[in-house]
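Shared between the two complexes below is chain A, which has chain B as its partner in the first and chain C in the second.
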Partner chain A sequence: MPPGGLGQSIAPDSFLRRVDPRTKIALSLAASAAVGIPLRPLAFFGACFVGLLAGAGLARQAAAQLWRARLWFAVLFLLDWTFVGVDFAVLITLRLALLAAAFILVFATTTPDELRVAGERLGLPPRLAFAFATAFRSLALLEREWQGILEAQKARDIVGMQSLEKPHWWLRRDDFTSAAALVVPAIVLAAQRAWSISEAAAARGFESPLRRSYRTLRLGALDHVLLVATVVVLGGSILLR
Partner chain B sequence: MRPLLEADQAAFCYPGRDSAVGPFSLSADSGELHHVNGPSGCGKSTLARMLTGLIPHLYRGALTGEVRVDGQRAADIPLWQLSARVGFVGQNPAAQLLATTVRDEVLFGLENLGLSNVEMRRRLDTTLATFGLRELENRDPRTLSGGEQQKLVLAAITARRPQVIVFDEVLSMLDAASARAVAQHVERLRRDGTGVVAFEHRPALKTWYQDAHCHTLANVPPAESPLPDLPQQIAPFQVRVAGVEVTLGSQRALEDIDLSLKGGQVIALVGANGAGKTTLLRALAGLQRHSGHIHDGTGARPRLGLCFQNPDQQIFNPSVRQEILFGNARIDAARYRCVVELLGLVPYENTPPLLLSEGEKKRLGLAILLMRPGLRGLCLDEPTLGQDGDHRRRIGRIVRHLAGAGYLCVVATHDLEWAAEWCDEFVVLHAGKIAEHQQSTTLHRPVAKEPECHLAV
Partner chain C sequence: MGRSYFSTFELLLLALLATLVVAGNVALRLPLKVPGHSGLVWMALLVVARGVVPKLGAAATVGLLSGLLAAFVGVGDKGGLDTLVSYTAAGAAVDLVAACAPANVLTSALAGLAGNSAKLGVKVLLELWIGIPTGFLVLGRTFPALTHAVFGLAGGYLGYLVLEALRRAGFFVYLAGRR
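Moving on to the complex of A and B:
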């Protein structure tokens, strides 16, 4: 599986594919709650979490996800180090990295359709569950569309478009023009897409009160093991905080 | 007896518009085929949405007249109930995909009928088998070809067993072979007793609608005034494409492409989806990294502009005039005037580009390119896609006119009929390689005989 952004690829061979999406959501929420514990237990928890990711075959995906945010991590680390101290900088960076990686457990091993069903079973209104799953599914499309717009505007020789591809720290007047040239078509295309999806869903009776899902969710032995781990992580994070 | 679907002087006016679409009347019953023809922008899509109840349930505006389903006013029936009786398949298949596997795509509509799992499974199996989608059951619909996607959307609607299905130009974005396959499924549905209302202007399909009830919407063909000449002629030049290869990921998209082109020619790039047409256009326009060489006689890279398939990717200014002139440091007023006249954009100079029709947006994309200084050629990606006969002819005239001014025009197209009429040479691509390179005249006869033929490559 090539490493990609959220919603772009599903790890087909991961053992987490066999886990109920609701369990994965609970585990990810517990992992994101655990980032508030002090540095020493956090480092231990972080190591366990990395082990889980590696065992689930998601290490590359997680690394790619963190690599994308490297600039933000670097800036925050430097700011924290400068104004508070190195311990604080390490703690905050580690927390943010764990937070960024926590939901990879769900997003890299669950299809949007599975997410939709899980959302409905967790009591979300079908409309909301569908909107959430569709937004998740559209992330990859939006990224592709963004590249298309970038290329289309480059083809027009719009001044400053090249500079957007190589980020810089200072803002120039051209950057505002370039941003408009990208953002306006992106908004228009996203709105068009959203409308098409609403129309297609309505044409297949989406608002029906008779709706019942074909897919059934059932908790297996692996789910029970992971749910126990979730409770342990949650309890630990409350006690250690 | 009451007809299944009936439109009685139905008309719709969008908010902020002066004129309404319609009035329109039609009466469709099971097993009947209604073919509604009309030029681009005449309101076919609006009428299709009125018949399916999407208007007025999803759209705001003023609806007059009536649409009735089994004698009941469509506006009074909840959309989820209406959609179980009247199906709708739209123009762009990719925009109608809702799930991440072919199986889930078909199931989505069945789940909304409240059927038992056994019945859903039965209908799923039957539908996948009927539409030849069994092998693709676990595939992501986004990875399918346009034809397969449209077949899938049709399958997803058919599985719900509506009494009538309304098709809004479902064939217009498909290549000839895919269009034929989808049309055969539509024909089978009709034989099985489903009513079909097809909004379609693809000319070559007229023969398939011979026994249909035909309806033609108002058609005002544009006046064909002589096209103005651009201020400067392009000096004769050549483009040499030598050993061009492109690899996308692990896939070889173009292989060993050798071409010799010159200013004043109109070249058609044809071939099935995925053959490499768009990649070659992007390479010619300097937007695609490649090995090999693309140069003019002097060894320099020729300046060729690319006109994208989806013009919405480029539009962001508040008026057509500003859109065309954007980024031009020195405004050449004479050239601008000439370009807007040539492309028929004079009435829209102060119109927001997003309000233009698809055909007008495509011409706007061309206008943006023509204002670029030093441009010697144009690469056009599917310029006639989804366009009616008049718009296709208009694009043809413009392309020929530009070639007359010395521009090299390279057109990637599925529209063989159009290409046979307006292009000088055909380059047939297959799996990233040039399968044939022929003069138009040699392809003209077989193409004219059977316009929807699929090139045997």
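Moving on to the complex of A and C:
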């Protein structure tokens, strides 16, 4: 990932972009709850879930998510197969895959601003929701700033900076000095930025008691269909567990 | 809007520290080939968050916000739920330990240990939940548990060093004028 390249990988054309974030959270939680069901119904549910991911244009994100855990999947599958049996190995692998992919429905199709509004509707304090949205917007910037600090410390030949580059197996004294030399300026920069943003927010009436959100959420027909599916999945998970 | 527990500045500072946690986990990978080594900078930032905003819930807030951010950018190999819950648990554990005793080098190190261990604990609980046999977990998680504890302790100690450096630099005087 290039410096400052941190950001969300969103699927802009997915039909789930039109769905209320609260519905997607409920659906993802229901999918996570389904990991407790036995192999056959789980395989059926897994196939439906894959269909939903493919239909929503999220297959690439799901594949990338599962690929990151490939070593973990492979080792666990082999262990389960060797010591318990192939059915059990398939069951555990399916459960892990479902758990790893369930929240892609939310995080690959919802912008932080949409999640902020949904959070407020679900009772999250508006300040906390605002703080989250600010944090997300600052991600690439702070990553670049941190890279900048790293480059500056290298240029000044700060003692121990080489310990950040050479692979080794254990903590050395240089690791502490290198890490402290990075963390202290990063925190000072973060505090200065936090102060600027809080001043700007106050100047725009963020603390006003009359403040109202300009964006509202409303459940549509698609939301109701997906909420019914959520209830079915949850009910099935409880009955089949 | 009534007076809230955290001021807007404090919440924004915690949010930006959460951003540093996520950016640090991606951009500042120490080349240590040991599980749990990311806890060095991560736990340091959580301990620092609890130090610069000395209120119960400060580190948990950083944990929650960093968990949400990490889930959004796809950090973590076991999905959004695992990421969100493990980041939040790490923050909550640091908060709990920091609330039990006054801040000093030992409390900070123990807070780091608790945070990094809580992160691993959540992963183990999720693995138990999906039915992975306990024997496999004991086999596979004993060494990581040890290294998580060591890097947690080290991270907490680093957090203490950073707080001391910030104190010497007059950072807390700067903060006092902005709450």
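Please note the rule applied: the second predicted complex is superposed on the first by the 147 of 241 C-alpha atoms of A that agree within 3 Å, B and C clash if a C-alpha of one lies under 4 Å from a C-alpha of the other, contacts with A are read in each partner's own complex, and residues count from 1 in each chain.
Following the convention adopted for this analysis, a residue touches a chain if its C-beta (ideal position, glycine included) is under 8 Å from a C-beta of that chain, and two chains touch if they have at least 3 such contacts.
Quantities reported herein were computed from a predicted structural model and do not represent experimental measurements.
In the superposed model, A:K154 makes contact with chain B only, not with chain C.
By the touch criterion stated above, A:A69 is placed in contact with chain C alone, chain B being left untouched.
When the two complexes are superposed, the chain touching more residues of chain A, out of chain B and chain C, is C.
In the superposition on chain A, A:A202 makes contact with both chain B and chain C. Once chain A of one complex is fitted onto chain A of the other, the partner contacts of A:L142 are limited to chain C, with no touch recorded for chain B.
By the touch criterion defined above, A:F103 lies against chain C but remains apart from chain B after alignment on the C-alpha atoms of chain A. When both complexes are overlaid on chain A, the residue A:P112 reaches chain B and chain C alike. Shared-chain residue A:W81: touches no atom of chain B or chain C. Of the two partner chains, both chain B and chain C are touched by A:V184. Touched by chain B in one complex and by chain C in the other are residues 112, 134, 180, 183-184, 188, 193, 197-198, 201-202, 206-209, 211 of chain A.
On the side of chain A, the complex with chain B involves touching residues 111-113, 134, 137, 141, 145, 148-149, 151-159, 180-181, 183-185, 188-189, 192-193, 196-214. Those residues of chain C lying in contact with chain A across their complex are 1, 4, 6-9, 11-20, 22-24, 26-28, 30-34, 40-41, 44-45, 48, 52, 61, 65, 68-69, 71-74, 77-82, 84, 126, 129-133, 136, 150-151, 154, 157-158, 161-162, 165-166, 169, 171, 174-175, 178. Residues 52, 54, 57-58, 78-81, 83-84, 87-88, 90, 92, 95-101, 104, 107-115, 117, 120-121, 142, 153, 156-157, 160, 282, 285, 287, 305-306, 308, 310, 312-316, 326-327, 354, 368-369, 372 of chain B are the ones touching chain A in the complex. Put simply, chain A touches chain C in their complex at residues 1, 3, 6-9, 28, 32, 35-36, 61, 64-65, 68-69, 72, 76, 79-80, 83-84, 91-92, 95-96, 99-104, 106-107, 112, 115, 125, 127-128, 130-132, 134-136, 138-139, 142-143, 146-147, 150, 163-171, 175-176, 179-180, 182-184, 186-188, 190-191, 193-195, 197-198, 201-202, 206-209, 211.
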